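See structure below.
Chain nomenclature is as follows: A, B, C, D and E, assigned in order of appearance, with residue numbering initiated at 1 for each chain independently.
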Amino acid sequence: MEHMEYIAKKEIDFKEPIVITGFPSIGLIGNIATRQIIKELNLDYIGYFDSPNIPPIMTVENGKIYPPIRAHANENIVAIFSEVLIPQNIVYSLTDKLLEYTSHINPKVIVNLDGITSLNPKDIYAVSTSEDILTNIKEQKIPILEFGMVGGMSGLISLKSADKNIPSLCLMAETPGLRPDPMGASNVIEVLNKLYNLNVNTEELIKEDEKIKEKLKKLAEEHLKLMTKQQKVENPMYL
Amino acid sequence: MEHMEYIAKKEIDFKEPIVITGFPSIGLIGNIATRQIIKELNLDYIGYFDSPNIPPIMTVENGKIYPPIRAHANENIVAIFSEVLIPQNIVYSLTDKLLEYTSHINPKVIVNLDGITSLNPKDIYAVSTSEDILTNIKEQKIPILEFGMVGGMSGLISLKSADKNIPSLCLMAETPGLRPDPMGASNVIEVLNKLYNLNVNTEELIKEDEKIKEKLKKLAEEHLKLMTKQQKVENPMYL
Amino acid sequence: MEHMEYIAKKEIDFKEPIVITGFPSIGLIGNIATRQIIKELNLDYIGYFDSPNIPPIMTVENGKIYPPIRAHANENIVAIFSEVLIPQNIVYSLTDKLLEYTSHINPKVIVNLDGITSLNPKDIYAVSTSEDILTNIKEQKIPILEFGMVGGMSGLISLKSADKNIPSLCLMAETPGLRPDPMGASNVIEVLNKLYNLNVNTEELIKEDEKIKEKLKKLAEEHLKLMTKQQKVENPMYL
Amino acid sequence: MEHMEYIAKKEIDFKEPIVITGFPSIGLIGNIATRQIIKELNLDYIGYFDSPNIPPIMTVENGKIYPPIRAHANENIVAIFSEVLIPQNIVYSLTDKLLEYTSHINPKVIVNLDGITSLNPKDIYAVSTSEDILTNIKEQKIPILEFGMVGGMSGLISLKSADKNIPSLCLMAETPGLRPDPMGASNVIEVLNKLYNLNVNTEELIKEDEKIKEKLKKLAEEHLKLMTKQQKVENPMYL
Amino acid sequence: MEHMEYIAKKEIDFKEPIVITGFPSIGLIGNIATRQIIKELNLDYIGYFDSPNIPPIMTVENGKIYPPIRAHANENIVAIFSEVLIPQNIVYSLTDKLLEYTSHINPKVIVNLDGITSLNPKDIYAVSTSEDILTNIKEQKIPILEFGMVGGMSGLISLKSADKNIPSLCLMAETPGLRPDPMGASNVIEVLNKLYNLNVNTEELIKEDEKIKEKLKKLAEEHLKLMTKQQKVENPMYL
């Protein structure tokens, strides 16, 4: 197993926090949603995961350098996310270290935010390794994914948190998947808000989504014009 | 050798069980057959194999998350199968751990279900490292593979179970091999039923096979139409 | 973590030196700037970093052989640079060893010189993991990078020097990035001169930059002529 | 060095045996010859080489499963061969383990059977690390390879058996090399018969070779017809 | 670091020998020169370097098998060379073991023979890590390489021999580089003869070079004819 460490940068006196994870996958749902939660709830940067196998790509915000896989938190919420794709060879060790850290802070639940492809994205589906959590979820009228797959970090955190008796679930937003999807991220936050009274505002994500759609629409129009012109040129009837 | 563990999720008081394995190979024979056995005999999920080198792809059934390489069982039967292709670099360690686990539960026999390419799929062939088992098989009028190959998990489990003095055989269903083959899986279950009185119903597999054949037939017809059209267009005589 | 060593070739009685690093990246800013500092301040060759994973490519200057990743210094300044691209698998171990060595010599600050793409290269941006350094930088009227990325050696040295409580910053020169950029290197040295009174002359770099631009201009003109000719030949109107 | 073991399946009371090796290389000379020796002398299966890095491909003969790299023997002869290409990364460890095993059974000599490309295949050449063996070979009127190369298992077994003071030689059959070559294998057995009075019959190989040549002749004729037709079509003179 | 050993095959009572190395690089200068020295001075085969990572390709000379990276010697000269390209991952460990062995025999100097590309090959250039050796070289009127690179085995042996206080230099023959260059090898031997009174005859290399040039000239002439024909065919003026 590849070497992995958690480097604490700030200690917090946690009160059975909710741990939210957002690792890059389809539509960047987890990533976008976690960033929004951190921003809206003003979570402090508290530490990072460190390994020779993590791509050495630091993010700069207002001149300050942050590592790519890091945790932000207040007493009640820990948000762990990554700015880089998790290389296949560290998925296991990162999950292991993330759960080692998480089990020290006595979390209420781990919620992994992820996406699932849909041509008509609308719903959020829940999956879990625990029958109890699934029963609870059904009572809250959140749909359950009947048959499918959960891969990468979300899948392995689910499996291994069960082995450590940490309650966990995945919330999977339907997403078109070909672009970053702030609307899917907004939808998943709404479910989080409902389940755990987080009160995270998502207006910004909805506006961002409109901008992206506007851009894509313009691109499609220009592409269509281009295609039409090209066809005229290529079609010998018009030469 | 790559790190590999068996994680028990439920203890069972085994009574010299038959161990059946179904790892993905040609026609997905072993995979489909093992899944059908689990379903028809209502086998409980009892544990999984765990390694940093197993692809982190979890299956969801009715909202519940299951790991990709796992065991289901009752007192008399253990079914071990994989939903993912076994990466080359863990074939050896997975075999090793599977046999370590298997030898603890004092199995009657290990039966590996596999496929073998045939243009006219019909028969099930048996192979083994043990002369005694081959003699028994011949008495039951099950054909023996005269000359050929057994690769991957089935081959290595056969070789290594002999070193541990665990009786084992492979049952190999003839299969066209270009698609999942529920009929081949059904055929191999019928031989299992005969050898060990399992009484596993295979009607569902036979229906599934008809559906697949129906679909392939339609695809072929549409392909033929398309080819005819295209030929007309490409042939300058018709322009 | 890959094996890495620092091999000392000369001992120096350091007086809280400034450590400057220049690793190859966009525009070769760090590399060119560090070489100029070594030359202008007559820094002595004092040692090199050694690992089976460093490409075995030695540089020859006046018949003398030097290793690719090395340190030059006087009492007040240590310049560490590389003549070869740092292979991905040693970025972490080289950073680790560089900071182990650096922490022994009680440095005032580590300044990593790097580049950042710009269509209109002009400014030098500073980034740091430390609020104190950023405050100081702002007082000196040096612009701060609001949002972006710092990758490779510069990024990781910044992150890990903070963990070891060594003050550090990156100075990033805007650069067109498609060629070695002595002007960007000169600009970054000017900021260094201002921040730490280094008095490194950069005239030579400015002349070198003019030569490169002259060459590129000629190349572009010849390319244009060639394109025009070719077009005439390819355009059937001219045949 | 990769992990490698020899797993004994049957003990034999050896009397200074001749050890013959046949690993896959050009024309499959060693492989075919060793299989013929095992068959004609009725050698018993006595054990196999085992490593996570050996491709898990078992051979089936009369329903029985055999591992790919194995030894067959009687009191006087040990034949070690492989049904699979030896992966580059285990050539060294397999050689090491093969010689560790071989040195325990006090062999008279190790003879590695191999091929060498020739446009006009006819002769068998001998090479060795030992002057004594070369002198003996010359007395027997077997030609010596003046200048050339011996690669793979044959080469390394030769080198390392000398380090362990085990006498060894390679017999290299000239072979066209583009196909399995039973005639070359037959030729090399004839030299073995002469050197060590093995009395291995090779008629079967000679018949097999005639069949292969017959097939290749027919293929060439059909290819010629096809080429002639195609040329007519492609040549505009005939359109 | 990869495993590497020196296997001694013959002990020699050395008298502060000159160690000459010839590893394959541009023009095969070092390789050809070292082979000529071994031949002309009748140096005995004394041992070889051994590692699982050395390609298992043995050379045969007069029926006798030799390993690819080996040492030949008399009391006063050790010649170490390779018949195979040194794989990147063992350059470091081979250098390390070569210097460990070399330091045991108390060498006067290590001379690495190498090539350097030139359109007008004529000179031999010297480089070293030692000022003393460079001063001595200049007194002998041998040109010094002002600015350039020394890569691979020659470069790393130079660097590491300095760390072990073994005097060393590289002699680099200018070579066209696109073919084996016996003339370059001859030139570098002449400098060796002058520096250390070796009296190695190079007539054979000069003849070999003439033969190669003759062949290349013929090839070029035939190529020219072919080009002229082809041009006629392609040029529509001639159709």
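The rule is short, and it goes like this: a contact is a pair of C-beta atoms (placed from the backbone, for glycine too) under 8 Å apart; a residue touches a chain by one contact, two chains touch by 3 or more.
Model, not experiment: these values are computed from the prediction.
Between subunit A and subunit D, the least number of touching-chain steps is 2.
Common partners of subunit B and subunit C, by the touch rule above, are A. Overlaying the C-alpha trace of subunit A on that of subunit E calls for a turn of 145°, given as a multiple of 5. One finds 57 Å separating the Cα centroids of subunit B and subunit E. Per-chain Cα centroids separate subunit C from subunit E by 35 Å. Chain contacts: subunit B has no residue touching two or more partner chains.
Taken chain by chain, the contacts form a single closed ring in which each chain touches exactly two others.
Taking subunit A first and subunit B second, the full cyclic order of the chains is A, B, D, E, C.
Note for the complex: subunit B touches subunit A at residues 3, 7, 48, 51-52, 55-65, 67.
Those residues of subunit E whose C-beta lies close enough to touch subunit C in the complex are 1-2, 89, 91-93, 95, 126-129, 131, 134, 137, 144-153, 155-156, 158-159, 162-163, 170.
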